[in-house]
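Next come two complexes built around subunit A: one with subunit B, the other with subunit C.
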Partner chain A sequence: MKSSHRIKQLAVSLAQPAMALSFALAVGVLAILVTKENPLTVYAAMFKGAFGGKYYFLTTLTRATPIIICGLGAAIAWSSNYMGIGGEGQMIVGGFFCAIIGLNVPGPAWFKVICAVGGAMVAGGLYSLLSAWLLDRFRMSLAISTLMFNYAAQFVTMHFTANVFQDMTGDGKLTQTLKLPQNMRLNRLVEGYSLHWGFIVAVGLVFLIWFLMNRTSFGYESRMSGFNVNFCDYGGISSKKVMYGMLALSGIICALAGVGEVLGVQYRYVHNTYVSSSYAWVGLNAALISGYNPIGILITSIILAGIQTGGAAIARSTSVPLEISSIIQGCITLFISAKIMFNFRRRRKAHDAPDKGSVAGSISVKGETR
Partner chain B sequence: MPNDDTNVMLRMEHIVKCYGDLVANDDVYLELHAGEILAVIGENGAGKTTLMKILYGMEQPSSGSIYLNGKELHIKNASQAIASGIGMVQQHFMLFDPFTVAENVVYGREPKKGLYFDVKKANSIIEELSLRYDLPLDPQEKIQGMPVGLRQRVEILKVLYQNADIIIFDEPTAVLTPQEVHELLGTMKHLAASGKSIIIITHKLNEVMEVADRAMVMRAGKHIADVDIKDTDIEELSFMMVGRHLVKKSVPMITPGEDVLRIENLHVQGNGSVSLIDNLSLHVAAGEIVGIAGVSGNGQSVLEKCIFGLQKADGGSIVVKGKDICNHTVDEVRSAGVSMIPEDRYIWGSASAATIMETAIMAHYKKPGLSRKGVLDMQALKKFANGIVNEFSVKTDGIQLRTSSLSGGNAQKLIAAREITQRTPLLLACEPTRGVDIGAMEFIHDRLIQKRTEGDAVLLISSELTEIMELSDRIYVMYGGRIHGEFTRGNVREEELGLLMVGGGHHEKLS
Partner chain C sequence: MNFDVNYLAVVFNSTVRMTTPILFVALGSALCNRVFIFNIGLEGMMLVGAFASIVANFYTGSLILSVLFAMLSSMLVAWIAGIFMVKFKGAMLVVGVSINVLISGLTTFLMQIVFGSKGAYVSTKLVSLTKIDVGFLKHTPILQTMFGSLTYLDLGAFLVAVVMNVFLFRTVTGFRLRSIGINKPAAESLGIKADRLQILTVVFSGLLSGLGGCLLTMGGVTMFAQNITAGRGFIAMAAGTLGAAHPLGVIASSAFFGFAQSMANMLQNTSISSQLTMALPYVATVVALAMYNFIQIKRGLIVRN
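Here is the complex of A and B:
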């Protein structure tokens, strides 16, 4: 009885992402038909370009690394019902501070790495707390403040990169800092391929966050605050503390995504790379698709990264443009957000119902959830 | 008195309204004559508001019919009600603050000159209306900064401007000062004298006696009686309203110990001009159930939130076991030895999307044995949750299911179980059995008595008079944010309490 319930629960939680993915692939078929290619061959090529062979698979995993980390950062904030969309800015702040601290702090390499990573985490956390404070103090919409701060972060760091920390050794065409010395960089996991230790850290984070969310009192408190803030306050949990804690943590984690890119891929801060690859947004997608489940985020992030690398592969080998993968990703977002809107309306309805008199209200609440 | 049958203006027959299993209106009959003031009275949840919502088109009856001037009427929405000459003065005003009185009143059906809004005409119409019905108001004044009484007057003008012949007032005096109440009652009489028919929904019987021609009494969704005000008095009305169902529960006699809770001169202002809690003092001793009787909305829920740290007090002290916890956080209040069964199990007491276990461990999970250094011991928590589910016979297929899968009574039992097992010296039980079945009610009552007999203090806040009478060793009556009377067990009749609850009778003090 108990195990059959669990299987049913698992099936339900898998059904929605699977449906969104297949709907999106179906829309992709239409788009491919417009380009007069055979959808089956294109999808086969796409799959091969994402997961077929060591090179492609490891490239996909490299790309998945920041997506997984940003997905985790988004998931912990969203699961406690604080719907911030500032992952991009947090990642930028993290990457930028990691690079400039790493380049400018004196001392042995291990000390520089600790300072760079620690400084990036602190910067990401404080940066995220700013939105939290605006929400707490001025009731400013978290979605709007975090979105706007994304632009602020992008262009403030651009200013400092271009005018203070610009790499003058090359042709100066790219807005980027100097490269970190060899001994500060993350090792490659497989020699000759781009995959670095950051991926292992990301997988470690998956389990760490899972533990935090499911096995600690902090996780319990934030989950309850996501379900019902009143219940939380009544139980003696300060919902304000939960908000500050969760948003700070979310900023710290997303900053780590930037750290991973700096120490593992580019070895410097390069303006606009995180934005153009939209890691944070794909990460948010992964979090939404998997219902904030960390292990789900690990899997979906790899699939979404695969769609991106696969899309790039087919653009090289067929006449199907790179945008096809954007279309598929966009459709996944669309179908998933339809589900979120549906849940949101249902929850609002259930919340409004008690106004009709508490007894009648309680009955309609029950009716809603059955 | 316009009381002959030819004068019947509105008739509602066999009105039934069900919400799921709950019957909010059960075969209700209402008759309204031209030019009379009819008071619809009853306790909270008696079905008055539902009946009026049906009349105003905000709810559709499950069955039954409405006749206006002899013709059957199907009212599908509020605008249709307005078109048929039925208007409602809402309990919560719906006015645009930055606009003038005239602009607010004509909103939606403005006088026009060509394509433009004719401000002059609007002002003159409002001036004429306010003179005719003796509702002094300046049409060009802005709503912003107006006192509540005047805002209500604007609402009344709105209804008059819509040409309503039948005007419904939903709890109109709840937010008014005594002076404003006096003026409003005068206005109602004046309106009735000029031919309007008025329905007033209320549970304040002294106002009914002052203003109404007839009263229709409702109880538990049923039509109980129609009475002429000149043939009755407050005692009879409150008796009909509250009903009589006296089942005595045997409560072992024990001598109360020292005071566990002592509240002195508590004051809560709130945002309006009426204080929510006005210089209130009370005490609860160990081994005592103290009941606070009152119609809801008289400050009880403010009081319980103040004690528990969920609302700020503006003055006074709340002392638990010798420690002043006034304006402390919930966490501090809980640690000082207070637990609470909250008045609404879905808004405060649980999270419907959480599992039963998650709802059950709230405020327990940090205790030694259940978690260590912030890491939850899942096995211990499961054992704990299963334990209280079994002990309080909460019917469920498993604690891993969502809280929303529980029936109302079982959810309430779960919350009661969680709070009683805190084993705190003081328990606040707020509407502990609202909307639950008889079985769950008996069960929770027995547990409250058991807790008290074990030497703990229980403060029971309930609008259910029977519950108060049955369980309490001592009873306070709360009305308008004040203590309006105090009695010991067995020294008061239900009718007497009912009377005090609605503001009637004299302020009595325990001798």
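Here is the complex of A and C:
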């Protein structure tokens, strides 16, 4: 592949998200006008609240950490054509188990941390495998089962947090566990700021997943499965094995997002925090926007986290509610989905029309088939 | 808790009231299934209907306008979703997820501007849906309990199901709709405007979701709260699938989820943990779908590879 061609392809793949971002910001302008504020000043304040200055930037990176990890988890499953939406539940399960294991296992701190992280990963993987099994055994739609389990996980962990592990030392208003001891917590990256080592782990995961997807047979098999399940079986790859493997891995990774929040930010499991911040959904959006490319997810997650922290900043200083960030974000993914239209036209020249409008097929395979 | 006849009548009544909002949306989902559209955005469409009805209620105080506005706004959102899914060939799951994120943000955003608060909005000024007068049943108090405090919109949900049944299986347009779901290119080759019919179906499912949302906010206690639908749109999608996308089957499956939800509410007054009962409708959904699919596989209607 010639390098000029490669640059051209990069420009094409960046043009789409850039266009979607400008469309979304335009919709945001309409929303801001409803609040009778000046869109330009609001956007300027939003940018400043997200990236302007060390404090804001590091806060954005802290917020981006679980988003990056959830984005990777979603990308793994979606790129192999298993479109689960269970990131939220997996993150809850991971965070919950990390906290209760960390609090209840005896021994030195390093042992407790290993048990907590390992336990959370196992729990997240098994939890995700349940949906995989339902798909395999009962042909149940992955989207529906994972969605239902999100709610089930939320309420069941709430039950155990409230009735078994509730922190009785405080005023008892929040449903939360006790705090983990000091020696189990992740260190801050910069003293005095919220950014913790979890961010470095997330960046490490980005490269690990990139390597896994692009340089190993496991990644090749998953890409083939995303391309065409029947072809994959025909070519001697067990699509069932790929499904179980991919969904388990995606559950394990999303669980790590919860672990990061417990060990690095709250130091305990607090009911509803992951749901109300919708980390998993933003992560999924990041994966969709970047076409499941791990490096793309890293960048997109930071931008989306910036939109959120920026949204929170303007909610403090102006009368624009912070949900402006959800509006912009929803619009970006909506417009990104129309990407298929452009791919459709370009690919039609090469082959016949692709069979269905799945993002997985059209993006992950693009580089390889030519 | 004593299991007398009166108690069962109360359970029946609450089941019906829990069923109908889901039924509306499930019918929309069933219709979408018929034209091969996996519409996960129904949750957002329901939410927008719920919000719009309360906003119109707040400004006009008119019942008709509230219901109308709920329908129209949900149809608008559904139209956008339909255009992106069908015309722009967007992946349905992606469009649906985006719609849900967008609407959840938009309703909370507008809620703070219109009502000035983020939590729940309740006001005595708001009108609620007209209840059906069951005075003629006063000689049999059991029936009165069973069918009391239902609105005309509740009744409408069942009517829509029956009408949709006739439409799908007894009219030419219904036949064409079903043909798209079976094989779109084949349907197109017969001169059916498949794209247009698909978008119209999504818009109509939006209308139904709007009614479902409206029933949710104005049926019992008239109020709106942030993300009040709480996954009911998703449950309705499951109900649509479970009902084998047949309108009358959808009544049965929606009633099942309505029952699970009303049990969750009823059990909250007992010693069983309220958090666990809240998880009940969602777990019941998965179990019911698994059992349904298991039977279908046994009968050879679904192929496992």
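One rule holds in what follows: the second predicted complex is superposed on the first by the 335 of 370 C-alpha atoms of A that agree within 3 Å, B and C clash if a C-alpha of one lies under 4 Å from a C-alpha of the other, contacts with A are read in each partner's own complex, and residues count from 1 in each chain.
Rule of thumb we're sticking to: contacts are C-beta pairs under 8 Å (C-beta built on N, C-alpha and C of every residue); 3 or more make two chains touch, one makes a residue touch a chain.
As the structure is a prediction and not an experimental result, all values here were calculated from the model.
Novice: Just checking: does A:321 make contact with subunit B only, subunit C only, both, or neither of them? Give me first, second, both or neither.
Specialist: second
Novice: Could you say whether A:90 touches subunit B, subunit C, both of them, or neither, answering first, second, both or neither?
Specialist: Neither partner.
Novice: Of the partners subunit B and subunit C, which touch A:147 in the superposed model: first, second, both, neither?
Specialist: second
Novice: For A:288, decide between first (touching subunit B), second (touching subunit C), both and neither.
Specialist: Only subunit C; A:288 stays clear of subunit B.
Novice: Looking at the overlay, what does A:223 touch: subunit B (first), subunit C (second), both, or neither?
Specialist: A:223: touches subunit B, not subunit C.
Novice: On the A-aligned overlay, A:301 touches which partner chain: subunit B = first, subunit C = second, or both, or neither?
Specialist: neither
Novice: For A:231, select first, second, both or neither according to whether it touches subunit B, subunit C, the two together, or no partner.
Specialist: It touches subunit B, and subunit C stays clear.
Novice: Counting touched residues of subunit A, say whether subunit B or subunit C comes out ahead.
Specialist: The larger set of subunit A residues in touch belongs to C.
Novice: Contacts for A:139 in the overlay, against subunit B (first) and subunit C (second): which applies, first, second, both or neither?
Specialist: Second partner only, subunit C.
Novice: Could you tell me which stretches of subunit A are touched by subunit B in one complex and by subunit C in the other?
Specialist: Subunit A residues touching both partners: 233, 357-359.
Novice: For a test of understanding, state which residues of subunit B touch subunit A in their complex under the given definition.
Specialist: Interface residues on the subunit B side: 19-22, 24, 45, 49-50, 308, 310, 329-331, 333-334, 340, 342, 344-354, 358-359, 361-363, 365-366, 371, 374-376, 378, 397-398, 400, 402, 404-405, 407-408, 434-435.
Novice: Residue numbers of subunit A touching subunit C in their complex, please.
Specialist: Residues 31, 34-35, 83, 85, 134, 136-141, 143-145, 147-152, 154-156, 158-159, 162-163, 233, 239-240, 278, 281, 284-285, 288, 321, 323-327, 329-331, 333-334, 336-338, 340-341, 344, 357-359.
Novice: Within the complex, which stretch of subunit A touches subunit B?
Specialist: Spelled out, the residues of subunit A in touch with subunit B are 1-2, 5, 215-218, 220, 223-224, 227-228, 230-231, 233-238, 347, 350, 354, 356-370.
Novice: Under the definition above, what is the set of subunit C residues touching subunit A in their complex?
Specialist: 38, 40, 80, 84-85, 88-95, 97-106, 108-110, 112-113, 118, 230-231, 234-235, 237-238, 241, 273, 275-276, 278-279, 282-283, 285-286, 289-290, 293-294, 297, 302, 304-305
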